[in-house]
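Consider the two complexes below, in which chain A is the common component and chain B and chain C are the respective partners.
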Partner chain A sequence: MNWKRSLVAVLVVIPIVALFGYGLTRNPREIPSPLPGRPAPDFALMPMDAPSSGEEGVSAPSLPVRLSDHRGEVVVLNFWASWCIPCRDEHPALVAAAERYQPKGVIFYGVLYNDSPDAARRWLAEMGGQPYPTLLDPGSRTAIDYGLYGVPETFFIDREGKVVYKHIGPVTEAILTTRIEEILVGSPRGDA
Partner chain B sequence: MKAVILAVGVALSLASVTPDPAQSPGVVDTALEAATARVASQLRCPVCQGLSIQDSPTELAREMKDVVRDQLAAGRTPEEVKAYFVSKYGEWILLEPQPHGFNLAVYLLPIAALLGGGGVVAVAVRRWTRQGGSATDESAEEI
Partner chain C sequence: MIQTIGSSSIAVALALTLYGVVAAVVGVRRRRPELLRSAEAVAYTNFGLLSLATLAMVYALVTHDFSVSYVAQVGSRSTPLFITIISLWSALEGSILFWGWVLAAYTAAAVYLNRERHGSLVPYALTILLGVGAFFYLLLVGPANPFGTRWPVPADGPGPNPLLQNHILMAVHPPLLYLGYVGMTVPFAFAIGALLSGRLDDTWIRTTRRWTVAAWTFLTLAIVAGMWWSYEVLGWGGYWAWDPVENASFMPWLTATAFLHSVMVQERRGMLKVWNLSLIIATFLLTILGTFLTRSGIVSSVHAFTAGSIGYYFLAFIAAILVFSLVVLAGRSQELRSAGNLDGVASRETVFLLNNLLLSAFTFTVLLGTLYPLVAEALRGVKVSVGAPFYNRMTLPLCVALLFLMGVGPALPWRSASRETLRRQLLPPLAAAVLVAVASVAFGVRQVYAVLAFAFGAFALVANLREYGTGVRARMRAHAEGPLTALRHLVAANPRRYGGYVAHIGVIAMAIGIAASSTFRMERDATLRSGETVEVPGGRFALRFDELWALDEPQRFVVGAYMTVLREGREIGRLDPRLNFYRGNDQPIATPAVRTRPDLDIYVNLMAFERDGSSATFRILTEPLVFWIWLGGGIIGLGAAIALWPGRRRRAALMTDPAIPAGKGGER
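Now for the complex of A and B:
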């Protein structure tokens, strides 16, 4: 009778403990993204600042930037905000990667997330600038389209316009280099 | 012209940054608001702990609710709106797990536990009544 009872207890307790143990290995804050492997959602966003044409008043053409305009190019899309602390950590890495890979045809864009352009400009001035444009995303429509849940998040888009990889949290130069090289090697320029 | 577009864009982004409950101009479509609230209460707020975007006061939740409202106003069904969010955030975004695959455990385990517990109780009760019954039988015989 007694061994039967302990057997039942063991059979009940072990699965529960195993389930809890498994739960401890998972990060509840990590949201699985269905996006990698799928076409990147297109967007048409105004740049925060028109590319400087030099002349005041004759503001340079500030047309909306469309992702579809960059079909055939590798695009790195970084969502950021001036109020985001980890964005400070990753900024130098993004600048370095942009300076290294823009000459090789890789396109970099920042997307401002729930922030005012003024605060963003101040932040950029303080951080020593950004060698690529930042786009404005009113109402966070594009952010939601990308399944964003916080900043920073960085999306790597290949020449076919597919999201290859999504990085949550601050990127490092090593991550940027590895991912960009992977995409460059993986999809060599077919046309052009 | 470009400057105007930019100004409007900036104004829009500013408007979305400052929380303004009375942002909808003029009439409020109560039916649409109700439908929006219904869908929004089924969607998880990505930056909260177990809150729906209907219940969350955060910026992102409010913006997601705006997307829900716009899509419903554009004629999408609540199911289509939810499918949109699932395609962006995964099934995680639904507060209520969909009844398929491993998720079925959530629905079936309580029933299984209830049946199992009921079985245990039934067996125990039968045992007790049998003991009790035999006891009264004995006492009846004694009299």
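Now for the complex of A and C:
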């Protein structure tokens, strides 16, 4: 047997095996985002309607909503669509969290992704409304800025306007509560 | 009880196999025939034991014995019987059991068919077959034990993965794939056996030629069935997504295809010995790599099973096979010098070499794309994904070039071709190619690759049909036979050659189907109220959404839409796309409705619906010539069946082939 050749064979094999061994330690479904820890991209989006289950007499704001207007406040940004099935699952959790945290000053926004306002309104009516406004993102500029991978995705933005956490897929009430509490406790109050 | 039968069969098989490996090696080295006999007996016994274990598992599945861990994992009382049986391969442990069973069957068959053969080739090959078997039995005893005990016994289970219980092709695609994958073990074992025994002539190739063709056929049909499944189930109207696991089944197909061609050069000219051994080793390694990618969760894919420790076992196995094969091959490479040299540039050998070059480049490209995300993450720590644009850009030139060679190869003689031969053989196919290219452009085809695919498709079709034509005419003259008799005798005299040409025609049909359907695909999304009609993209048809229906089945809740296909206002057919909501799964699984015709498929997928049934959203696609892809798969299968047909005149045909006109030299 030719030992030099055999040695070469082994040397060829080692990197291949090392690569696969490394691959085994990774989770391919984990999609990282460069956003957490970074400033959230600003946006100026028109709201679709006034909050449907809000107080009577609250008129729809006619100016675009800017993220930068909410500096000093904790913002939860939820990208959704009426054609998205998991969005149905997470809807009650978002409603419950909004009802609980909006009085404490947390701002909730939905952002409609690749959907028509009519379909979204019908969906909201069917789902029993949404206690916070949904913003329209024609051309998906904001979705692109946020590096959206699919819907639903939820971004948690702290008082300094930084993305603290990004959740891919339907959120649960437990996730919303934990993340919001973390931000409320963790970051110092800006104005208040 | 079932656990005891299943586990002990596998444990005994593992113990016997380990003995068999030793017995075969010692038997052949020390010339102890009784040890060899006992190793052969192990091969037969293993088949019995694994059959018993597989039957025990099927029995446990059918009787809903949820104390068996695998049944608790994939079984459910509400799943229909047929789906319950095929859930044998719907998750990791069961599929490894099925794999082990197929391998045991192949091993027993390989031993039985070579029982008269003397020398050391078969014992060494048996050692390899048993060694590979030992690995899979080890998995079944350890990390992929399907016969674990669940306590307390669950009352019911979740049922198999909804994607797998949604279409009949799931009963076809996985077994075919396993038959193809596992079948590649036999040529690999004989190749290594040839290296170990020093019998480096063509014996191993002649012994395994039909095994390779059979395994290749299963693999081909498995890939086509997988394409069909994804077309009929996944709802985006495509059949190939360059998913890592699709790639994993495609790579061994590419290397095996290369082997089927280059092996003829070795048989005919004594060249490419190392290359052929390498191809068969690569094919086997790629099947194991494919299994590793599917089973270990190393890449994200629709096929990925839940990961466990099994990935590390596969990794160790791949490393062992790689080192072992390379060392054995390196040790013998001095003795594997080519016996012949290339004579002429314009010859069939040259075409085979080019074909192998292209297929190897193809394999490398696919491998690169599949593993690049892993490399990038390991070296640079970034997540990247390699998508269809990379593969399309890299492989389309290779595809059209291969299509072209598929016409040149059969037209050229071995050794060298005179200018006159070239002109006579290539002019008619070239004329067809030019005609088709001009016609395509005239009809408005502007995509370069589509035009090239149609033109080279025509080129290769004419060239392959002409082989039949000249052969039949020569026989009719020489033997005064009628055309049909001549055809029958021609094919019977050299089934491999003429079966190969039929397979070529199947590949051409697929290539044209793929080129046309991917180039001229049109799609639109539409939300319709019931009774509303929408134009199908392309304008020839319209679709009316009649009403929404719902059905509660034991294992799922189905929502469907009745739709009518209209042409010029006349009703010509019905379609009912559905969404299936399986218990315990949030994501509905779609069943698109497809109206397949030879010229055009209309494909409708139900995307969403109003709960009150008033309206629904559909994705409507039209794709021309998709049917030709499935038809092509069938033609390839037919060609392979012809090539495998055991003809009476096979042996005689090996010596001389009177059907081949003089001066043209057919392959033997």
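One rule holds in what follows: the second predicted complex is superposed on the first by the 148 of 192 C-alpha atoms of A that agree within 3 Å, B and C clash if a C-alpha of one lies under 4 Å from a C-alpha of the other, contacts with A are read in each partner's own complex, and residues count from 1 in each chain.
Going forward, a residue touches a chain if its C-beta (ideal position, glycine included) is under 8 Å from a C-beta of that chain, and two chains touch if they have at least 3 such contacts.
Because the structure is a prediction, the values reported are computed rather than measured.
**Q** Which partner chains sit in contact with A:Asp89 here, chain B, chain C, both or neither? Use first/second/both/neither.
**A** In the superposed model, A:Asp89 contacts chain C only, not chain B.
**Q** Have a look at where A:Ser68 lands relative to chain B and chain C in the superposition and call it first, second, both or neither.
**A** Neither partner.
**Q** Touching A:Arg5 in the superposition: chain B (first), chain C (second), both, neither?
**A** second
**Q** Looking at A:Leu35 after the superposition, I want to know if it touches chain B, chain C, both of them or none. Which is it: first, second, both, neither?
**A** It touches chain B, and chain C stays clear.
**Q** If you stack the two complexes on chain A, which partner ends up touching A:Ser140: first (chain B), second (chain C), both, or neither?
**A** A:Ser140: touches chain B, not chain C.
**Q** Name the contact category of A:Tyr22: first (chain B only), second (chain C only), both, or neither.
**A** second
**Q** Of the two partner chains, chain B (first) and chain C (second), which one does A:Val13 touch, if any: first, second, both, or neither?
**A** The answer is second: A:Val13 touches chain C but not chain B.
**Q** In the superposed arrangement, what residues of chain A touch both chain B and chain C?
**A** Comparing the two interfaces on chain A, one with chain B and one with chain C, the shared residues are 31-32.
**Q** Tell me, which parts of chain C touch chain A in their complex?
**A** Contacts found on chain C: 292, 296-300, 304, 307, 311-312, 315, 318-319, 322-323, 326-327, 330-331, 333-334, 371, 374-375, 377-378, 383, 527, 586-588, 607-608, 610-611, 617.
**Q** Report the residues of chain A in contact with chain C in the complex, numbered from low to high.
**A** Against chain C, the touching part of chain A is residues 1-2, 5-6, 8-10, 12-13, 16-17, 19-24, 26-29, 31-32, 82-83, 85-86, 89, 119, 122, 126, 170.
**Q** Quick one: which bits of chain A touch chain B in the complex? Just the residue numbers, please.
**A** Interface residues on the chain A side: 31-35, 46, 50, 59, 61-63, 112, 114-117, 136-141, 143-150.
**Q** State the interface residues of chain B toward chain A in the complex, per the touch definition above.
**A** 2-3, 5-6, 9-10, 12-17, 46-47, 59-60, 63-64, 66-67, 86-90, 92
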